[in-house]
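This report refers to the structure that appears directly beneath it.
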Amino acid sequence: MGQVEFYIVTLVILASINAINVIGLNVQFGTAGLLNLAYIILLAIGAYATGVAALPPSPSHGYVTYIGGFSWPFPWDLLFGMAVTVACGAVLGIIVFTRVSVWYLAVTLTAIGYALLTVINDEPRLFNGYVGLLNVPGPWESQLSQADYQLVFCAISLICLGLIFLLTWRLERSPLGRAWRAIREDETAAMALGKNPLLLKLLAFSVGSLAAGMAGGLTVLYLGSWNTEAWQPNETFLVLAAVIVGGRGWTVGGVVGSLVTYDLLIEGSKYLPVIGGHLALLPTIQTMFLGLIVMAMLWWRPWGLLPEPKERHRLWAWLKEPRGSHPTVTLDG
Amino acid sequence: MASGAGAAPLLRVEALAHAFGGVQAVNGVTFEVHRGEFLGLIGPNGAGKSTLLDCLSGQIRDYRGRVVFDGQDVSRWPLFRVARTGLVRSYQVSRVFDRLTVLSNLLTAPPRQRGERLPWALLGGWRAQERHHLELAQAALMDFELTPLARTYASEVSGGQRRLVELSRALLTGPKMLLLDEPFAGVSPANRRRLGDWLLRLNQEAGLTILMVEHRLEQVERLCSSALVMAAGRVIARDSMANLRRNPRVIEAYFGG
Amino acid sequence: MGQVIAVLLLGAVDSAVVALAAVGLTLQFGVTNYLNFGYTELLTFGAFVALAVNVTLLGLNVWLAMLVGGVATACLGMAFNRVIFARFARRARDPFTMLIVTFIVGFMLNQVYIVIWGPNTYELHSSQNLQVRVGSLSVGADQLFFVLIATGCMVALELLLHFTRIGRSMRAISDNRSLATACGLNTPRVVDVTWAISGFLAGLAGVILCLQVRAFDVTLGDSFLYLIYPAVVIGGIGRPVGALVASVLIGLFAALGSIAVTPAISAAVIFAGMIVVVILRPQGILGGGRHPSLREG
């Protein structure tokens, strides 16, 4: 495989993982209105769980320590990671959703994010602390040539993207998706119609956690390593930017958003003038640029480049002509 | 019109009391509402009418006393559980789902939707029920000539139309009793008559029980068989409007010190 | 015994930092009705301004640098409000927008720090840490001063809130926003002052913190985030006195925790405490905080 093909395959893998990640936050925030500023910790949980499931037991001489170590093959390590993330997401959800206020949600989740970071960093017995997990075996990695492995992983990530896309697509077109949007718009009004907000929020959060766990698991399997550097809490910003820029509330918007922000960051960086030779500053400038774009979107086009469509299925085709005469009442306010 | 006096009341409120911010907003309220009644709830500002409604519907949960609806003790139940028993409320400022279309607003209402449960949402099998709900929603839209607005965002319709969307949406939940919080607020004078006609029809033809908080006494007079009067957190009278106008305690509550 | 006192003093300084920051944050929320999610970056700003005047540019005395840091952060806070936050707040129809905007501004501020100051660590030039005899022990005089300064600020704030017109307006808006607005109390000037105070407290907290930890970098503010936000929540969002009490408790607890158990565990316990408060007593330990069943926005 030539250099160019390798680059493209890598790009596809990373882009699809990123898209899966964005889809998750889009379900939580875009559709159900749950602003999870600590979304990145769900990704991290997925990565850590998949990692310790895939790794062999930690060596007894203890210079690399971590819990777990089941040596499970693909796809069981990934599925384990996803399951753990959903479970943790459910626990998190039960903690924060019992209180209605947006602020408690945001503050609590943010604090949890930083606290978790501190705990994992300072307690090496969990996930090898600051150094993190290393040499995580990818799916059939040892049995394939490097080129073949890349292609296999590419196929895996695309299949995963397809699956999660299908899942969320179906859900958001269903009455459940409509109920989610109802609690996003006005939770009290939704409750006045008999909707149970806690259950609905937990469901949305869990679906989002599933996606995040999948993305995290795929990341750790691809990169082979994972530590706290990879998930600084304000990384959530990048995912949030994708959701806002792309189109809140529907999967297509999320995918478009992930492509656009990813594209802006990767490709756009080639065209930005190098400032005084400080190449190391490039990521910083990129994210600042993205920050400005997001604020501009919030100001002018808060629903994103591709706002969610009005009707989620072709209801209008079913609307028939008015039949018969009813005694009618109109109010035009 | 009250139904047979021997029948059990649909709603029974016993010694309801609630205080917040050091003020006893509701101070021991007891009354009953029978099936088919159209009961008004009037009183001067600050009498505690809205607070009472909030308690009954479950918006406020830390009140004292008992609320029994349709034979079930729903005291201190949360808003959504109360709504599921058939006791449904509207709000003084209409609450609609802004970024859902009018039609979607109505479609959120029917209870026990299969498609809202995860397995069905995922696997399908909810479309037949949804089609049925769609027909109900269509009928509601036609009743109020809102059909051209079906695909408009609820945030973009006029104030009176919002009220209508909220009320017809409440109706689509199949309620046994409506708690209306000043339904005529924000409705233009020309349309108040029509709204009143509709409420009257709901009560007299469909037999829907209604408790209506209202400031506009002429509406209460036209629509309600009788009315409760609240002042300073207590119920001070319950009678037909004609009698209430002559009741010295009521007069004092409205106009006195 | 001496060690315990030293630790308690350490805890007192931690409390001081958290108190200044938490009170500033909760005060700003009370008046503006949204929480500044980039707040901890203001602490870092104060520290770096102090660095600039103390080390890099002017060689000012460290206490003066502290004052400059506080004032500069106050100005930054006011500027952010005027240029960005107030405009978005007027336009936003949901509480998410402000949350995201403040988050982004804070995030971008952090990026600016990285551009200017990079990954290096810095240290302020403080004078000799004088030892003061307390009974049979020596404690650092600086630490005592930090606590005194923080206490002084809290007292000054209380006086301002109770005896000045602007302070009373701030309390009125915090207690009953719609009523205060209807009475014409919710003016841009009051909001300006609120941001100035909030910024000043943050800047001050940042400088004290960087003096306390000695070596600091661009993550200074973030490192205390897990103490500040719980303090705000435990004290009841929007309730400065509650934030103060919670900060004292948290600071002491964190200090004791650092000698008794690992910092990881004490962080976990603090945050668990916050969860408990959120679930069981969301109006804060003293009550009177934003009641969570009111839909914000």
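Letters A, B and C name the chains as they come in the text, with residue numbers starting at 1 for each one.
The definition used in the following text is that contacts are C-beta pairs under 8 Å (C-beta built on N, C-alpha and C of every residue); 3 or more make two chains touch, one makes a residue touch a chain.
The shown structure was predicted, so the numbers you read here are calculated from the model rather than taken from an experiment.
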Revision key, fill the gap. Looking at Cα centroids only, farthest away from chain B lies chain C
Point to revise | Middle chain, criterion being Cα centroid separation | key: A
Exercise for review: Let me have the rounded angstrom distance from the C-alpha centre of chain B over to the C-alpha centre of chain C, please.
Suggested key: 46
Revision key, fill the gap. Expressed in whole Å, how far the mean CA point of chain A lies from that of chain C is 31
Point to revise | Length of the line joining the C-alpha centres of chain A and chain B, rounded to whole Å | key: 41
**Study point:** Numbers and ranges of chain C residues touching at least 2 other chains
**Key:** none
Revision key, fill the gap. Within chain A, the set of residues that touch 2 or more other chains is 188
Check your understanding: Of all residues in chain B, which are in touch with two or more distinct other chains?
Key -> 98
Revision key, fill the gap. As the complex stands, chain A meets chain B at residues 167, 170-171, 174-179, 181-182, 185-186, 188-197, 200, 203, 303, 310-311, 315-316, 318-320, 322, 326-333
Exercise for review: Enumerate the contact residues on chain B facing chain A in the complex.
Suggested key: 57, 59, 78-80, 83-84, 88-89, 91, 95-101, 103-104, 107-109, 111, 113-118, 120-122, 124, 126, 130-131, 134, 138-139, 142-147, 150-151, 153, 158-164, 166, 169-170, 173, 186-188, 191, 194-195, 197-198, 201
Exercise for review: Provide the residue numbers of chain A that touch chain C in the complex, in ascending order.
Suggested key: 29, 33, 35, 37, 95-96, 98-104, 106-108, 110-112, 114-115, 118-119, 121-123, 187-188, 233-234, 237, 240, 244, 281, 284-285, 287-288, 291-292, 294-295, 298-299, 302
Point to revise | Residue numbers on chain C that touch chain A, as the complex places them | key: 29, 35, 37, 84, 88, 91, 95-97, 99-101, 103-105, 107-108, 110-112, 114-115, 222, 225-226, 229-230, 232-233, 237, 262-264, 267-268, 270-271, 274-275, 278-279, 282, 290, 292-297
